[in-house]
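Got a structure for you, written out below as structure tokens; questions coming shortly.
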Amino acid sequence: MKKGIMNNTRPLICKIVDKWEECDDTFGFVLELPIKIQKAKPGQFIMLWIPGVDEYPVGIAGIKNGFIEIGVAKMGVGTSAMIDKQKGDFVGIRGFFGKPFKPPKNVNHLLIGGGFGMTPLKLLTSSLINFEEMQRVHIFEGARSKNKLMYLEWLENLENQEEIFFHVSTDDGSYGYKGFPTVDLEKFLQNNKTPSVIYAAGPERMMKVIFDLGKKYSNVIDMQMSLADRYIRCGFGLCAGCVVDPTGWRICTDGPIFNTEQLEQITDFGNFRRTETGAKEKI
Amino acid sequence: MSLETNLGDIKLKNPLILASGILGASYSSLQRMYDAGMGAVVTKSIGKNPRSGSPNPTIFALVEIKSIVSSVGLANPGYKTFKEDLVKLTEKQTPAIVSIFGETKEDIGEIIEGLNDLPLLAFELNLGYSKENPKTVQEKVGIIKQITNKPLWVKLTPDECNVIKIAEAAVNCGCNALVAINKVKAMVIDIKTKQPVLGAKKGGISGSVLKPIGVRCVYDLYEHFGDKIPIIGVGGISKGEDVIEYLLAGASAVQIGSAVGVAYPENMVRFIQMGIRKYLREQNIENLDEIIGGAFK
Amino acid sequence: MSLETNLGDIKLKNPLILASGILGASYSSLQRMYDAGMGAVVTKSIGKNPRSGSPNPTIFALVEIKSIVSSVGLANPGYKTFKEDLVKLTEKQTPAIVSIFGETKEDIGEIIEGLNDLPLLAFELNLGYSKENPKTVQEKVGIIKQITNKPLWVKLTPDECNVIKIAEAAVNCGCNALVAINKVKAMVIDIKTKQPVLGAKKGGISGSVLKPIGVRCVYDLYEHFGDKIPIIGVGGISKGEDVIEYLLAGASAVQIGSAVGVAYPENMVRFIQMGIRKYLREQNIENLDEIIGGAFK
Amino acid sequence: MKKGIMNNTRPLICKIVDKWEECDDTFGFVLELPIKIQKAKPGQFIMLWIPGVDEYPVGIAGIKNGFIEIGVAKMGVGTSAMIDKQKGDFVGIRGFFGKPFKPPKNVNHLLIGGGFGMTPLKLLTSSLINFEEMQRVHIFEGARSKNKLMYLEWLENLENQEEIFFHVSTDDGSYGYKGFPTVDLEKFLQNNKTPSVIYAAGPERMMKVIFDLGKKYSNVIDMQMSLADRYIRCGFGLCAGCVVDPTGWRICTDGPIFNTEQLEQITDFGNFRRTETGAKEKI
């Protein structure tokens, strides 16, 4: 019983073996894992420790042969400290935490996100590509402008493949169509009546909009959304820092991925979060 | 067979209480743990003012010894804000204990006054916060008992100078139950980066390593106080057998912390209860009273 | 790369010292551990008169947490009888530290006088025996420094009221190194027979659980005293990485206890040394001085 | 590395499922092990805990299918407390401790002992019977008088079998021949020139006599003796209660079985032991 909890929860020190600018203020990193560990599933996250600075959650963009890929967007001290790190430097990780996306078979897979929400969607995309009986995969990425789009190159190369459709939008029209990614999503849902599942990751208010939109379409059989607008302390379900009301579910352990049925019960969704002190604030 | 237990005038449906600081920062997670089968729940320690606590990392596990090293730094929203959560929690008749801390007796008095109108089961005074001695404890317990008629539990920390003396001060001033123990001072240094892992550098340890230490503390307290005051055992409980060990040492109830940090805490509570029932059945015990302090017989 | 370390005027060929009470009751086992590669060895704590100690069980392991619960009750043959073993041990130039304990300063004075003519590396005063406070420690350290010119190490126990204050008292009276930590109070109750397992009922815990607690204590001491006094770290060391963690926390040497209870203690010592060398090599460190207290940088 | 130390060293509570008077003041017990554990080897011992009373070492006379047989001879409070226990009572055991006998192949196996020393020799006998290429097994048991002979019935029933010879002696002649068991042993060594190994367990002074005798015969290729006249505290090599000079070997871990080469280095053998305080005393 205990095994599950404790597994790998002390920071494991990893070497940064690759680093690149993914887009404005956002860097990709590849970390070398010092030991063999179980494979992470799309939607799970790690706690990233910048020794002497801070520790915070980041999603997993890729994992293969003892290497893990993450993407870090500059926010404050902690993320800046990571962005200042160079190849050869060491950071710690704890994880993998949380419940993953659970893609069913024989549906349209509609991935929609923006900002660092794209990191779990990248791993989900890779995983769907290897999916046996997969249907078509549609990715809807939105950002303020072109230089804020993550994984643009990667996704465009994927687009060559049969099963992937890449819909891209920017608020300022500097790339893709001008507008929110929900525009294309809605268009798709109107034109396509086969069963679809929406996977969303990004700012919670955007996800709330997507959720309300998705509910209008009966062909949307499930929505799975990654709630990342919560303060994460322990990552393994002990501290309640990340709890949502009124269900008492922990983002870090019962989430971060929640499905339609769950999201409907979470009245905090899109509305409230708790700060580091535990006080509730409007999202 | 009954799992009921009494702590002075308080009757609990079973001896399992959620420990302070564990899933205790919101009404909904406290309610969840009560619904999972706990006999009662203790909130995170609440102070006078909001605190954002220690920088991360604040909590991580040491798998090898099934334990957790942490320093949350008493992050809490302050009693005024937290009252909203408490109102929601007690509306449902959930047996709730509010853990409080404060540097001065004035701070503590203010918190108690602010929360005294709620239908709480008890207050728990967390002494792990500042350096205490019998005199400071006397003052703090004294002011609380002056303000409220609600039961007061005092939570002892093993790092303190002479736990028995501190406990005596608390008991003499009218505290209604002793809770032992809080975390033991600890820290971890990462040798690769040469840095303390905790953001606060120093912290405490909880989980399995605490069991032999906590059992010893409860045993010492029971030896000293006997039936004079109920004792609540805390530290390293993760199965029914651990609960029994604490009861035999003299505890009338127990609190569970670190073990709750699992994917399915509901199952953990059920697993612990099953262990207790199995033991009682095998030993032909009808009532927990038959074994409380049993190691002294 | 060198493993040499200095404790004041004492130079050790490596930082590993056999802890008191572990294979320390006979000259031959102490010699064996020195031959196995320890930098020095500490004897079992020796008192004025022979003591047969606690009834059995006195020592057993808790596998789940890689630790040992024990209460040997300071069994020892008394300093007069033990002197024969010390003569044999020091004849071979083995760097030996004699651990001593005593209730009164007079008892302690008598022991020191009785053993002062031997070519010992140091005396180690075990404070885990009776309840100490800064005043009693001052008296005991004072009398020892009056009688002998040999270095005096003082071994602290974490159960004591304010370790820093006790340490200050010792340092102010001229002690030459601090040793931290001794066992933490603990006990185990068997739930099937409802009996405390230890013959003495109560005891202490050592082994892996002590590492985060001991590292914290060493870190606190180094933070307080800096280079003013050498610190020797003890508690839960069973591999090279553990030694490094203590050095980073501020220890200049370490003692190893529970980990020695294996079929081939020689291999254990070699394994720990290998771990240290591997780390130094990887980190390009020539000298232990480069990392002592490194967690503060 | 740690695993070896800690294995099974906290008392394991066992039910007494059988008890019988083996001979005067000596009882046999069968304990039911609550969990599956590795098989004990002949010569190893356990620490027997009588809850609330004492814990002390006893040899293993048999182990099979989750049951362990021991024999306890009344000495003082601890052994009396065990003898007062009844079927259905519980006791604790720690172990298995120590290094076992190591019988080589193609030799005469000469087992000699008395008193509770017979317990490990019983398990050794059982084990030798199952030995593939075994030679003849000779058992030399001695006691003060008939009512002090352990396993008499068991051994006499074994005697029927081809390979076992049972030589029995008593000081008062009440059974077997009158005299010490060494008489028959010496006779055997004089008449039989094929390679032999002596296995001895009993009072240390008796073993010293056997050792000196065995050394005179070049056909004795090894002697393996169980040193049990030492105070055992931890049982797993930590406390030095049981150490012998000048080698620093621990009876509980490096022994209790030592071979000729080792015994020659142990000057304490047959001469000195340490008491509970650690002081040396004449044996």
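Letters are used for the chains, namely A, B, C and D, taken in the order the chains are written, and counting of residues starts over at 1 for each.
As a working rule, a contact is a pair of C-beta atoms (placed from the backbone, for glycine too) under 8 Å apart; a residue touches a chain by one contact, two chains touch by 3 or more.
Predicted model, so just to flag it, every value in this text is computed and none were measured.
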item	value
Common touching chains of chain B and chain A	none
Longest centre-to-centre distance from chain B, chain (CA-based)	D
Centre-of-Cα separation between chain C and chain B, whole angstrom	33
Chain A and chain C: spacing of chain centres that average the CA atoms, whole Å	51
CA centroid of chain A to CA centroid of chain D, Å	66
Multi-partner residues of chain D (each touching 2 or more other chains)	none
Of all residues in chain B, the ones touching two or more other chains	62, 66, 188, 195, 208
Chain contact graph, described as a line, ring, star, complete graph or other shape	line
Interchain contacts, given as pairs of chains that touch	A-B, B-C, C-D
Of all residues in chain B, those that touch chain A in their complex	21-33, 44, 50-53, 55-63, 66, 68, 70, 72, 75-78, 81-82, 84, 188, 190, 192-193, 195, 197, 199, 208, 238-239, 257-263, 265, 267-268, 271
Chain B partner contacts - residues on chain C that touch it in the complex	62, 64-67, 69, 158-159, 161-162, 184-189, 191, 194-196, 201-202, 205, 208-209, 212-213, 215-217, 219-220, 241, 244-245, 248-249, 279, 291, 294-295, 297
Chain C-facing residues of chain D, complex	1-2, 4-11, 13, 47, 49, 51-52, 54-56, 90, 92, 94, 233-241, 243-250, 253, 274-280
